[in-house]
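First chain A sits with chain B, and in the next complex the same chain sits with chain C.
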Partner chain A sequence: MNTDPTLTLTAPQDLRSSPWAQTSALSVRSMIALWRQPATVIPSMIFPLFFVALGTSSFSRAINLPGFPVVDSFLNFALAGAIVQGVLFGSITGAAALATDIENGFFDRLLVAPTARSSILFGRLAGAMAFGAFQTAFFIAVLLPFGLGIKSGPIGVAVMILGGTMTALGVGAIMSAMALRTGSSEAVQGSFPLLFIMLFFSSAFFPRQTMSGIYGTLANLNPVSYLIEGFRDLTIDGLTTWAVVRALGFSALLAAIGMGLSLRSLRIRLGRQ
Partner chain B sequence: MTTSRVPHPILAENLVRTFGSGDDAVRAVDGVDLQVEAGEIFGFLGPNGAGKSTTVRMLTTLLRPTSGTAKVAGWDVSTEADKVRRSIGVALQDAAIDPLMTGTELLRLQAVLYGLPRNIHATRAGELLERVGLTAAGDRRVGTYSGGMRRRLDLALSLIHEPSVLFLDEPTTGLDPMSRKSLWEEIRRLNDDGTTVLLTTQYLEEADQLADRIAIIDNGRIVSQGSPADLKAEVGSPTLLISVDPTHLAAAREILTHFGEARPTAEGTLGVGLVDGASGVSAVIRRLDEASIPVIHLELNEPSLDDVFAEATGHRLEGAEK
Partner chain C sequence: MNDLRTSSLSAAVGLSGRNLRNIRRLPSAFLPALLMPIFQTVAFSGTFYAITQVPGFPTDRSINWYMPLGVVMGSSFAGVGIGFSTVRDLESGFYDRIRMSPAPRRALLLGPLLSALTRAVMVVTLVTIISFGLGARTTGGPLALVTLLAAGAGMSVIGTGWGLGLAYRFKDMRAAAIMQLTLFLGLFLTTAQAPLSIMQGWLYDVARLNPFTQILQLARAGFVNEMAWQHIWGGLVAIIVISFLTTTFAWTGLRRLQD
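So, the complex of A and B:
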């Protein structure tokens, strides 16, 4: 035992880390995790391309159906669905990792440090945003050699990458809210079928104008339809104000809703402790 | 860095934490008082579920106390939580470390979280890896580390900002004896450098070896507190443990009452605090022999922390190592 009864305690109170630096460091950690666990991210990169390949080879003549938008190829039509599908599925990975942090105690390690509470969430979401941007660019880059044409040009591609990034933020935030509420990675991963149903009952694979009955009604009510159509307008219609508003507006709205939900869930979780 | 002089880096008064509400409410910590001196290693000893970790979680700001007050490094854990966090190092149970990152990466992340100047991140990470003997493994992913290596890295992470108070929640649980001893040495070195350490453990030997003072907790209450030597001295006489054939158990128990107070033991064994110490053993054997009770096993133990625990709670420390 050190016998000095009034030992000088060094309290590093003057060390200050900015929330920005903390968010940045935690987002790097989140991206490292994605990079080092390719098995968790590859499906969200491969499956959308598989659906595009399947659709393009099987439904190429569907573009002549009444109600189908004027489009050079089914591939151009399918790109938007692939981007949103990839981002939706990819967002599960980051949120599941957040839940795993809660399960295994790493979340507590962050809480017991002078970490800004919002940085814990934003760090994770920044990683999801970077992955969303990468996925969008990846799908475009992979499909270009197969005849993909984007009428809005490089600016449209940039808008799509921005839209993909915001969509990843929105969906990632909603999934993170679930992770914070449940603290269970299984619960987060269990949302996969729900996301798939939302995608299936949307205009991801066919335009809403060609749908009828309950399928058409659900697609009309489904916000994912409008998200996809924003990206699709940029691909097949060109750089119009309406296309940009739809691509960015819906993803921004989704991001705002997601952030609200996830910050509320974070407050609730911290309040429980 | 700012400095302050605090004679009691950990102070808790009537600390209570309840989980649930109404009839289902569980009082996990039930009025704990603690006064840890600067520069000491304070052991918090108790079985699983006794309230050790809940107390530590309150002291480290992870849980809000239901009632009562606590100050760590001079700061109130409820109203000055951020200042508490900047003053303490914490290694929680199970060494929660991201297996996908390397030791160096985790240390550098920790340096950012605590706001260390960027130009010293690499040096500090290197120093700490060297300190805990992980220099060679620093660039390996933590997923490849053994349990002992993870614990040592956990300790290094908790030291990134040179905290004055260190909380170690069951730091050696699940470790092999070699790794445990190596961690003990590091904890002693830290304490020699002036760090106040609060360590929870369910290992009697660990508390005995490391702690200057010990608080024994059971069912959320501190039942005994003091230095290991003082606590053992309070027990006084050594414990004689005797195993006899189960058919003779009642008769043997009656005989033993003449030699001292009965002490709690494992089932099937009788225990008595021998008033006459070792010199009383022969008399016990003689009386048992006269009663034709054959002794299967006999053992005389000097007072241990297990005896202290048994005296205070009426039962032995389950799962504890003697």
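So, the complex of A and C:
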């Protein structure tokens, strides 16, 4: 048994004095949880790549259709949809883990510890952001040997990784708001079909310009379409101001809305306890 | 009791009835299998609406191409749903009570197959009605509905055999993920999204050899072509062969469970 008093006294004091250290420790915890349970994150890595592989083979002749953007290959077109799809689905995992913390009482243990309240949330979201950045880089790295070309170059790749990070923050924060409101991991997981519908009624898999009727209208109204097209512009058009604004602007807006919702949900939950 | 022991059919009907009553008692377990093919049909038809303009695409209505995919996938997941409920029964111990009953072993497979077929008919009917409301039309006359139903029924048998076989072997929910993932991959590595005539690259060879492509062709027989035997026989053969294999897989799993 360790009887050295400096060891037992200094650690809690450090934690109490530094919300950053607490956030950092909790974000490391959330990332380790992802690493230890690969089955929860692998689908969000594999399925987008599977759909890219299918689409590239099935729709390669569609790139000559009227309304289709000028692209060298369907693979270049499909990258943006894969990134957003992966980040959307991956963000559920972190929020579901937060809900599990609430269910199994770990959240309450953090509350009785000298932990900054916001660190509990930010720790989770930092983990989601790191995973979003990793996913974006992973999709690009895997698809490059198969002929993926990114016209905006390394700067564009960096912008996409930043956009993927902020998208993960935004979606993760919205899902965390749901986790804090319901305290149920099942409710968070149950939002998966909603994300799936948001993704399909957008330009994730085909350009809006080729859709018609009510489906085209829904895709035009869906903000996910514009988020994806920002990433897509960077891939197929090059590094333009408009592409950067779309890729980062929509993801930043999503992050701001998500943070607002999740902080409000945290305050409500703390008020109830 | 003597009657029950001698009649596989009455025991199977009883088990099937229990499975179907579970739709009302636990709708959350069946509704996704019903809603997913509808969503898939609508989403694919809308998203890939323009693909029909690619030279060589066999129909000018995207819903005619994607509705049979929704039916085939929904029917196979209706069968897999029986695998899920069997896993639940195995985990809760209820299946042991069924096995201790004097019901013939055949009935333990026949019952789930009957309920899967009933579920598949519900899926086919609902998806077809909604698709016709959204603009699907037959090109092969009323027989198109017969081949569509045959493909749906066949896939529900295949899904049930596969689901039961895995449920008997794993005896827990690990089986559920494998059931879904394998069928999903099997059905998407076909002409699910586009016909062979416009496909390029690796998927062309995979889809050409994949027997599920033949089943999709059967389902689409009266929706993209004139009804012709050449579009039908391959799917029927594939259904018979794969159904036999998956049912045998389930039967051997059941026997292993008894050991």
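Quick note on the criterion: the second predicted complex is superposed on the first by the 257 of 273 C-alpha atoms of A that agree within 3 Å, B and C clash if a C-alpha of one lies under 4 Å from a C-alpha of the other, contacts with A are read in each partner's own complex, and residues count from 1 in each chain.
Convention: a residue touches a chain if its C-beta (ideal position, glycine included) is under 8 Å from a C-beta of that chain, and two chains touch if they have at least 3 such contacts.
Worth saying up front: this structure is predicted, and the values here are computed from it rather than measured.
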First (chain B), second (chain C), both or neither touched by A:Met211: second
Partner chain(s) touched by A:Ser58 [first = chain B, second = chain C, both, neither]: second
Partner chain in contact with A:Val70 - chain B first, chain C second, else both or neither: neither
Which of chain B and chain C A:Gln37 touches, first, second, both or neither: first
Partner chain(s) touched by A:Thr115 [first = chain B, second = chain C, both, neither]: first
Touched partner set for A:Leu194, first chain B, second chain C, both or neither: neither
Partner chain in contact with A:Gln22 - chain B first, chain C second, else both or neither: first
Chain A to chain C touching residues, read off their complex: 50, 53-62, 64-68, 197, 200-201, 205-206, 210-213, 215
In the complex, chain B residues that touch chain A: 1-7, 9, 37-41, 60-64, 73-74, 82-83, 85-88, 90, 92-94, 96-98, 100-101, 105, 108-110, 112-116, 141, 157, 161-165, 191-192, 194, 196, 212
Touching residues on chain C, where the partner in the complex is chain A: 39, 43, 46-51, 53-55, 185, 188-189, 192-194, 198-204
Chain B partner contacts - residues on chain A that touch it in the complex: 1-18, 21-22, 24-26, 29, 32-33, 36-37, 101, 104-106, 108-115, 273
